[in-house]
Each structure stands twice: as structure tokens, then as C-alpha cells.
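In the two assemblies presented below, chain A is common to both, partnered first by chain B and then by chain C.
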Partner chain A sequence: MKNKEILLGVLAGLIVLALVYLLVSLAIIIVPPQEDNRWLASWFLETAYNSERKELWSASPEVVTSILWDYRGLDTVYETSVFFFAIIGGLMLVRSVKIDPSKLGIRGMSVISKTVTKIVLVSIPVVAASVALHGHLTPGGGFQGGSIFAVASLLAIVALGVGFLYRRGWSKVRLLGFRTMGLIIISIVIMAVFIAGLTIGATGYIVQNQWKPWAPIGYGYLINLGLLGDVLYSGSLIFLNIAEFLAVSAGLSLAFIIMALPREELIKGGDLE
Partner chain B sequence: MIDFSAIIWGYIYVVTIGIIAMTIYGMATRPNIVKKLILLSILSDTGNLIAVMLGVHSGVIKPPVFPGISFTNHEEVGSDVLKEFSKSAVDPIPQVLVVTAIVIGLAVLVFLGYVSLLLYQKYGTLDVRLLEKKIKGEAK
Partner chain C sequence: MILSVPVCYILIALFMTYALILTYKTMIEKDLVKAVIYSAGQAVAYTLVFTLLAAPDLVLAYVAVGVGMYTALFLFIISRTESKEYDNLKELGGMNEK
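Up next is the complex of A and B:
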């Protein structure tokens, strides 16, 4: 047993040494850091909000969201589907679980933690929604907002009990519905320009955001809201961020709620008998 | 004159790469599945940390977001201003990779959590040595 562990340790060391050799020899790790950005980074930083090059821009000052949902949008759509299938796979394991509200715990923790949690439970979703809605203007976006929101539901499960969330209407069907709605909005938004291009006979791409000289359909980036004047919404980015926020927050909350169910329900739901 | 920045950066890289080596070793040798999951999440977080550190260059003082733009303040910005901005901003590409990697890592962790939860409910243990015996039917 001892020899085997030493062998595994040496093996882990060799794997890491090979990794370090690759990273250093390809000049990916530079110590100390280089003077300037790599040219690809500079290109994205100079183009994402450059109104002099409107054929290449994404109309958003947030370069990370621009790359995530515009320049590299199709990749993110596939990553969203990986997320979707991971949650679906987890739920499939307990597929026949039925939630009986009378058996769910409502005792939770002590009065002090309950009171503090109720205060925090108001503020976390507000921060999450703000992070998701400002995703095209400030650091953040749908993924981050959804993850923050999932923290709120996790906190509620631990401090107030699963029954608290369930009695407020957070049922399995409704959360699944919210998540599916987010995914449907994403697919509509990414396909809209392509289908509009097909119908009028112009070029249109999947996950296209702004117009191009050779593909004249786009989402635009300013909308006039009366009193507020022109409001910057950066084309498809804000819709995709909101949809991703819905999908991530509902999916993770559902996974946490099912995971916190009582033992007998899980055994029944997973067909473990 | 000693270059302190090289020493500090070298130290940070050595520590993070050492953490990677330790987590791989731990995942191979620890028998408890929950400990394996904890080590897996530490491994992915360390990988994300290295990816974000690769984007830093010596003149960084800003995040990759052009400052001062809001819903109602949307002035047009030209190439000259953005060239100045790109000299002081961090590389956005590793951050993009890390954003999706974190959420997908969380989803995969939730999936593995389900698997280990059900394993525990069915067999009453998360020790892989005992699990092997119990699945083969050699031990109760």
C-alpha cells in the first residue's frame, strides 16, 4: 500500500512537470509578466466599443461579455448546453422523486440565524439581478448573476429549511419551467437574425449581434425610452444575459432543493429499493 | 539590484503548481469520495487562478471594461482613446474562459454530488474500498 502511494505521488509530480514544461516552453507563463498585452487581447480591447469600426464592434464597453456572447457566442451556447445536461443528468438520477410538502422540514436553524438570513435573502437577489442586468456595462453577466442567486437559495435551504422555499411556490415544475424558458429565449435570440435573413434574402448569421456591411440585419444598440432619452442596451447581449440568468439561477436552485430533500424521498426517487 | 517582481511571481506560480500536484496526488490516494470532490474543486479553482494570472501584464491598473459608460451615458469612443485604454487593461480572454469554466464546474460538481449522495443512501459508505466490496456483494 505504501509503495503504491509513493508511485502515485511521483506520477502526479511527473504530470505537473510536463504541464509546467509545456507552459514555459510555449512562453505562456512568463516570469515576471510581459510589458504589454498580447496582440489578440489588444485587438479585442480596441475593437469591442470602437465606434469608428462599427463593422466589427459589439456595442458594449464590457469586453468580457462582448467576447462571451458576441465574438465567441456559439461556444458559450454550447457551454450553456453542457450546463443544461449536467443538471438534467443529476435530476435524472432522482427522476421519480415526489415532493410531499407535509414531510419537508420547516424548523431550520435558530432564531438568530433565521433573522439574519431573512435580511440577507432580500439583498442577495437584488445584487444578482443588478449584476445580470448590467452585464453589458459593468463586470458581470448572466452566469455570475445566476451563481449569486443560487447562493441565496442555498442559504434559505440551510437556515430556513426546504419547506420554506416550497411553501413559497418554488416547486420542481415551476423551476424547471423557468430554466426551460431561459433556454428558449436564448435559442430564439440567437436564431432570430439568421431566420430574418432567410426570409428577406439577406445574409444573417447565428448569434449575430450588430449589423455588418455584408449582413445588414442586427439588433441595434440604442433605444429611446422617452424621459430617459437614448438607453444603451448593446443589442442581443442584454437579452442573452437575462435569459442566462434565468436558466442558471433556476437550474442551480432546483438542483440544491432536490439535493436537500429527506432521505426516504431520495431513496424512493432514485429507485434504490 | 534584485528583481523582486520576478521572485514574487515565481513564488506564486510555484505555490499554485504545487497545489495542483498535491490535489492530483490526493485524488488518487484518498479513499473518501467527498474528499475527492473537494480536491477536484480545488484543482479546477487553481487552474482558473493560473488562467487569470496569465492575463496580467506589468502595466495593469484597470479591468477590461471601458470606464464611464452607463445606460444613459453612451458617448462614442474612437480608436485613439481605446488604444490608450488597452495599454492599462487586463487581458479579457482568460477571464472569458474562466467565467464559463466556473459555472460548468459548479454544475458538474452538483452532478457528482448527486451521484455520491445516492451511493451513500444505497450502500451506507463513501469509502471506495468498501464500496467496491459492497457492490460485488462480498461485504454487508
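Up next is the complex of A and C:
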């Protein structure tokens, strides 16, 4: 590349940089490190963890998770089911493929990559689980934790080969079972208050989290663990986060395992596994 | 954020510029593997922008999906087909005759 081209490239980059800076700093495009929040943001920040207005709160200091699983919980349930059917649709394509674990072999990368991957493979699921289990306290949640977990299985597939996961029992049926278990837990948690309300003759809603003055059934938000003292679990949020974590991590891992199967196996087909 | 507002703006502008350049490189690149890597770089730049905009929830999802899964998905697909992009069918035909 000639010097002139490099100069032109740097110049163009600087011009774009200056233009973007001007646009942002003159408030032509408003970006949110601003002094005061808009009314919608203020409303959610004030009500999500406000114990003095318990008719509107969701008992969770993490406002994003409150909105996702409480204020607009039904939307998230539908998103999860759409994702489930996408995975089912992908599985339909390979429904007749019989996988022979002995033929998958130990194809993978060099010893260095394998060793490093084995170390990282321990830490990524830990991070994923903490992101999912603290989803009602800190940024994160079930989907984020699940997708971080899926990156771990992806690393294992690329560096250690699909056979590595298969020999450890990550079969199609078992992963699909975990996926379905997550969805069943979500269904039970969102329907429980509604059914309990029907049983005792009080008002109860689908995806209801805390009690309301006109709908007295809720999940509560504190649990006493003896020596550990009171622990905040934010009602249904923690159960929904764990279930979503199970569903997303198993579903995405399954999708990656199927994509990484040898091409000959996919073409040959075979009996239903 | 701890950063004062003007520094935050400069960094946002910088990373957005970086993302724009990488998006352009992704579009014109003929080698599809390189294009996917440029696209992952663009995702990294967006992640930094989201961090500066104080949206950590989005960052956690974007890192895993944009950098990890999206890249891997496309690399898998490219590994099942050719890794070159051709401008027209005549060029492709010429390749086959050889």
C-alpha cells in the first residue's frame, strides 16, 4: 500500500471522528450519559425496588431484569418459546441422523490449545452461572448466562472435537431434555399464581411476581437461611432466570453440536436416535 | 460512569468510527473468513460503546452472541462451502474450467 493511501485513510478516519464528536457533543444525537432521566426511566427506577410502594414494585434492585420478567414478563415468555421452536426446527433437519460416538474421533487442535481450553472450560461455566444466578441483583440474567455457557461448549467443540462432548454424555436427547425442563419450569412458575388464585377464589395473574392490593398472592422476596441471614431472592425472578439459563445453554449447545457434526454423517442419514 | 462526559463522548465517537471502518471492510472483503473476523471486530467496538452508554445487560448478551456465536456460526457455514466471493458467474465458470 502506498503512503498516499495510508494518509488518505487516516485523514478520512479523522474527519469521521470529528463529525461524530460534533454530532454527539452538540446534542444533535442525544446519548444517555445525560444529567436527568426521561420520565419512563425515572418511573421504573423509582418503583422497581421501592418498598414503600409495594403495590407496584418487583422486589429486585436490577431494573432490567424486573422489566424483562415482571413488568413485561409475557413478552419474554413468548421470546423463549420462539427460540425453542427455532431449535426444534433446526433439529427437524437432522432428525434421522444416527450419531456414532466412536467415529467422531479426537480431532481437535494442538496440545497447547487443548490444555488452555481445558483450563478455560472450567471458568466460563462459573462466570455463566454467576451471571444467571445473580440476574436479579446485578446486570445479567438467564439469557446472558446461557449464551456465555454456550460459548464454552463452542470452545470445546472447536478445540477438543465433538467427540469430547459426546463421550461426556452430551447427547441430543439429554440436551433436549434439559431444554424442555427449563421451559416446563418457566410454565409452572408463570402459571402457579394464576392457578392458586383460581383455587382459593382470589384474583391472580399469569407472570405475577409480588402481591398486589387486589391480587393477594405473591412469591415473597426474602428467605431466612439461618447463619447467612436474610437473602433477597426477588420472588419469581430467580426461578425464571435459572430456568431460562438451563433452556438457553442446552439449546444453543445442542445447535452447535449438530452444526459441528461431520458432513458425511449428515449426508448418510440413518435411523432415528 | 466514572469518566467525565466529554471523555465519554470522545471514546464513543472513536469506537463508533472504528466500527464504521470495520463494517466497510466487511462489506468489500472478498475472503469471507476475513470478513467474518472484521465483523467480530465491529461487534467488539459496539460492546465498548454499550459499556460507555452504561448498558451492562446489553453488553453481556452482545459479547456472547456478537463475538462468540455469530462468528462461530458463520465460520461453520463457510467451512461447508467456499470461502471466496465472486463478482459474477463468468469468473466462477472460468475457475471451474481450469
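As a convention for this text, the second predicted complex is superposed on the first by the 232 of 273 C-alpha atoms of A that agree within 3 Å, B and C clash if a C-alpha of one lies under 4 Å from a C-alpha of the other, contacts with A are read in each partner's own complex, and residues count from 1 in each chain.
The rule we apply is simple: a residue touches a chain if its C-beta (ideal position, glycine included) is under 8 Å from a C-beta of that chain, and two chains touch if they have at least 3 such contacts.
The structure presented is a predicted model; accordingly, all values stated were derived computationally and were not measured.
In the overlay built on the shared chain, the residue A:87 is in contact with chain B alone; chain C does not reach it. Look at A:137: by the touch rule set out above, it reaches chain B but stays clear of chain C. Of the two partner chains, chain C is the only one touched by A:260; chain B is not. Here chain B and chain C are compared by how many residues of chain A each touches, and B touches more. In the superposition on chain A, no contact is made by A:173 with either chain B or chain C. In the overlay built on the shared chain, the residue A:119 is in contact with neither chain B nor chain C. When both complexes are overlaid on chain A, the residue A:111 reaches neither chain B nor chain C.
In the superposition on chain A, contact is made by A:8 with chain B only, not with chain C.
In the overlay built on the shared chain, the residue A:151 is in contact with chain C alone; chain B does not reach it.
Shared-chain residue A:200: touches no atom of chain B or chain C. Under the contact criterion defined above, the residues of chain A that touch both chain B in one complex and chain C in the other are 13, 16, 20, 31-33, 64, 139, 141, 143-144, 147, 252, 256, 259, 263.
Of all the residues in chain A, the ones that touch chain B in their complex are 5, 8-9, 11-13, 15-16, 19-20, 28-29, 31-38, 40-42, 44-53, 61-64, 67-68, 72, 76, 79, 82-83, 86-87, 89-91, 93-94, 137-139, 141, 143-144, 146-147, 222, 228-233, 248, 251-252, 255-256, 259, 263, 266-267, 270, 272.
Residues 13, 16-17, 20-21, 24-25, 31-33, 64-65, 131, 139-141, 143-144, 147-148, 150-151, 154, 158, 252, 256, 259-260, 263 of chain A are the ones that touch chain C when the two sit in their complex.
Only residues 3, 5-6, 9-10, 13, 17, 20-22, 24-25, 28-29, 54-59, 63-67, 69-72, 74, 76-79, 82-83, 85-87, 89, 91-93, 95-96, 99-100, 102-104, 106-108, 110-111, 113-115, 117-118, 121-122 of chain B touch chain A when the two sit together in their complex. Those residues of chain C whose C-beta lies close enough to touch chain A in the complex are 1, 5-6, 8-10, 12-14, 16-17, 20-21, 52-54, 56-57, 59-61, 63-65, 68-69, 72-73, 76, 80.
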